[in-house]
C-alpha cells in the first residue's frame, strides 16, 4: 500500500497548494501598495474610504435583518411541519431547494418585473421598499441553508414531546415557541445565521441590480478602479467568511456537548 | 422521530378548526415563497411565451437561436462543463486521498473544514484573489518570471479568458465535490474490497469492476451539480472578465440593466433557457443520488 | 500430514499482543470452529489465514506450501463475511461469477459453474436479482456460493450468522455444514455462539485473550473442559468451592458433606480450596437415577420453564443449579424444601484456571 499512500499525499499537497497559493498571493498583493516595501497602505486606504464603511455597515445591517426575519419565518415553519403537517414536508423541502436551482439573476429579474413602480406591489418605487425587497431576496437566497440547519437541530431534539410537556404545564404557543423551542434549536439557528452572514456580505447580483449601496457592488467598483485595494478587500472578505465558519464550528461543537436525551 | 397523530375530532363540525389552524401555521412560509420565489420565476417563464402585446407565441424561444445568443449559451456551457469536470476529477482524488488513502484523520478534518469555507468563497473577492495571484503582476506570475525566467503571459496565457475563468471557478467547485463525495466514499464498505481481493481480483480489477460502477451515480450526479452551479454564477465572471466573456448570466445582466436586446420578452426567454438547463441538471443529480443511495443500503 | 497448519502464530498491533503462540493442525475436509468472546483474537487468526493480516511470528502452511509470501488474491481461499459483502452493483449471477470472471474463465464455463452453485444453495430462481432485493439469509447464501465458485482449497467464515435472525441462524448453519460435507472442503468457522460451534463442528478451538485454551471435539470441550474459562464459556455450569480433605484418597468436602472424586487431587494439599464444576443436567432428584454419590441442601427457588424445571439449591454456601425434565405426575420442589441431588462422582470435574 506504499504507492497508494504516496499518491494520496501527493494529491493532498497539490490540492493544498492550489488552495493556499491564491490566499498568499492576495495577502502579498495587498501589501504592495507602497513602492518597494511591504506596508498596510492599501488597508489604510480601504478603511479610510467612507464608502467602505457605509456599504459594509449597510450589508451588515441587511445581514442582521435577513437573519432575524429569516429565522422568524423558518423556525416556526420547520417546527410546524414537524409537528402538525408532516405530509407537507416534501413540499417544503422542495421549495427550500429551489433557490439553489434557480440562478439568482433570474430571481432578481423576476422581482424587477413584478415589483416595479407600475405593478400592484411597487416595492422598487421607494428606497425603503427596495431595501425590504433586498432583505426578502436575501432570505430567499439563504433559505436552503437556514432551513436545513434548523431542521437538523429540530430532528435532534424531540419537538413533539417538548411541546406536549409545555402544553400540559399550561403554556401558550408564544411561550412554547420562544421559551422552549427557540433556545433548544439555538445551535441550528446560529449555524444558519453564520452561513447567511457570509452569503449576504459577499452578495453581488441582487444588490447590483436593485441598485442598493451594498458591500458586493462596492467591491466590484473598487476592483474596476483601484489596483491594490481590491486585494485588501478580498482579504477582509475572506476573513469574514473564515470567522463566520469558525464561529459556526464552535457553535456546533458546543451544541453537541449539551443535549441530555429526554 | 415523531409519528402523526390525527387531530381530535370534536363532534364533526363543518370546518374542522384544528385543520384550519394547521394550514394557517404554514401560511406565512407559503405566501413568502410564492411572492418572492415561485411567482417571479413563473412570471418570467410565462413572459417567455408572450409577445409585448400579451399574445401567446413561440417566437421568443425561436429568437434564442440567433448566433449571438447561442454563442453566449455555448460559452456558458463550455465554462461550466470545464470547471465541473476539472472540479469533479480533482475533487474526487482529494476525497479519495482522505477517505481511502490511509492518511491521518487530521488531514481529513482539515480538508473538510476548509472545503466548507472555500465552497462559499465565490463572487467578487475570489476574482480579486486570482487577479492578485495569476494576473499580469500577480504573485505566481512574478515568481515564475524571477525564479525560472518563465514568462507566463508570453505563452499567450491570460487570466481574463475562458481558461482563467475555469481555473478560478474550480476554487469553489473542487471543495463542493469534496464535501458531497466524501460521504459517498465513506459508504464504500471495506468488506467489498476484501471480498474482491480474496476472490482473486487485482487492485485495478476491483476499481473497474466494483468500486467505480458503485460510485458512478454519485460521481456523475455531483458533476452535474457542479455544472449547474457554474452555469448560474455571475459575480466572479463579472469581476474578472467583465463583459468581455459573454456568458449567459452576463448577457442577462446587460439585458436587465439596459434592454440591450430591445426586446423584453426575449430577455424572459433567456432566463427560461437558464432555468431549463439548471433545472434539468439538478433533476438528473437528484435521480442519480437516489439511485446511489439505494445501492448503498 | 495436516492440510492447514498454523505453527506458533503470533500477532501484535503495536505494543498489544492479540494472538499468542497459536498452534493448530487442521485436516483436509475438516470443519473447525474458532470459538470465543469478542476480542479473543479469533477473527485475527482467520484474517491471517486469509492474508489480510501478516503474522508477527510463526508460519502458516496450506497443503504444504508456506503462505507468508502470498497476497490474499493469490491464496485461492474462499471467505464469507459477517456483513455479507455482496457487490451491490451486480446481480446474484454476476456476484457468484465474479471470481471466475476475474480469473479469465470462458463464459460458458462461468455460466455452468454459477448455475451449479445456485443449485447448491437452492436459489436458482433469484439469479437476476440484486442484493438489495434479497433477505439477509439469502444474501449470505449467495455469499457462500460466491466463495465456493472458485473451488478454493480452504473456506473461511467470519461470524457469518451473527447478523441474521435466530431462526435463520439455525437453518443456515445446518445448510452450511451439509454443503461443506458434500464438497469435502476444509473449513474454518469463527463464532462467539457456543451452540453454533457445538452443533456443526468436527473440532472446536476455544480461544481466550489471544490463546487457544482448548482444542477438541464438541463432546470433549463440553464434558471435559480443560480450564475454568472453557467450562464457563461453553454451556452453563455450576462452580462449586470445595475443601481438600485427603489428597491421596481424592476426598473433598462441600459444606459438611464429604465426596470421593474420580479425578485426582493428589497435587493439592489438605485444607486447600479447589473449584469443581458440575453440569446442570448431571444431577437428578430421582431415587432410581444412575448415581453413586449425592449432595443434600435446601431449595432456594424452582423455575418452571415448560419442558425443563430449573431448580437452585444451597449446599454449604454454594448455589447449585440443576435441570430436570418436566413430568406431569411429579410436582416441582418448593422453596425451603430439603432435597437430595444424586449424580455420578465422575461428573464433578476439577477445574484448573
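Some observations on this one:
Every chain is named by a letter (A, B and C) in the order it is written, and numbering of its residues begins at 1.
The rule is simple: a contact is a pair of C-beta atoms (placed from the backbone, for glycine too) under 8 Å apart; a residue touches a chain by one contact, two chains touch by 3 or more.
This is a predicted model, so every value here is computed, not measured.
At the centre of the protein atoms shown, by the Cα-centroid criterion, sits B. Counting C-beta pairs in contact, the pair that comes out ahead of the other among B-C and A-B is A-B. Subunit A and subunit C have Cα centroids separated by 59 Å. With centres defined as mean CA coordinates, subunit C is found 55 Å away from subunit B. Averaging C-alpha coordinates per chain places the centre of subunit A 17 Å away from that of subunit B. Within the complex formed with subunit C, the residues of subunit B that make contact are 189, 191-192, 194-202, 205, 209-210, 213-214, 294-297. Against subunit B, in their complex, subunit C makes its touches with residues 50-52, 71-79, 81, 83-89, 98-99, 101-103, 132, 143, 146-147, 150. For subunit B in complex with subunit A, the residues that touch the partner chain are 2, 4, 22-23, 25-26, 28-29, 32-33, 36-41, 43-44, 47, 90, 93-94, 96-98, 100-103, 107, 111, 113-114, 116-118, 120-134, 137-140, 170-171, 174, 228, 231-235, 238-239, 242, 249, 252-253, 256-257, 267, 271, 274-275, 278-279, 282. Within the complex formed with subunit B, the subunit A residues making contact are 1, 4-5, 7-9, 11-12, 15, 18-19, 21-26, 28-30, 73-74, 76-77, 80-88, 92, 95, 98-114, 136-137, 139-140, 143, 158-160, 195, 198-199, 202-205, 209, 216, 219-220, 223-224, 230-231, 233-234, 237-238, 241-242, 245, 249.
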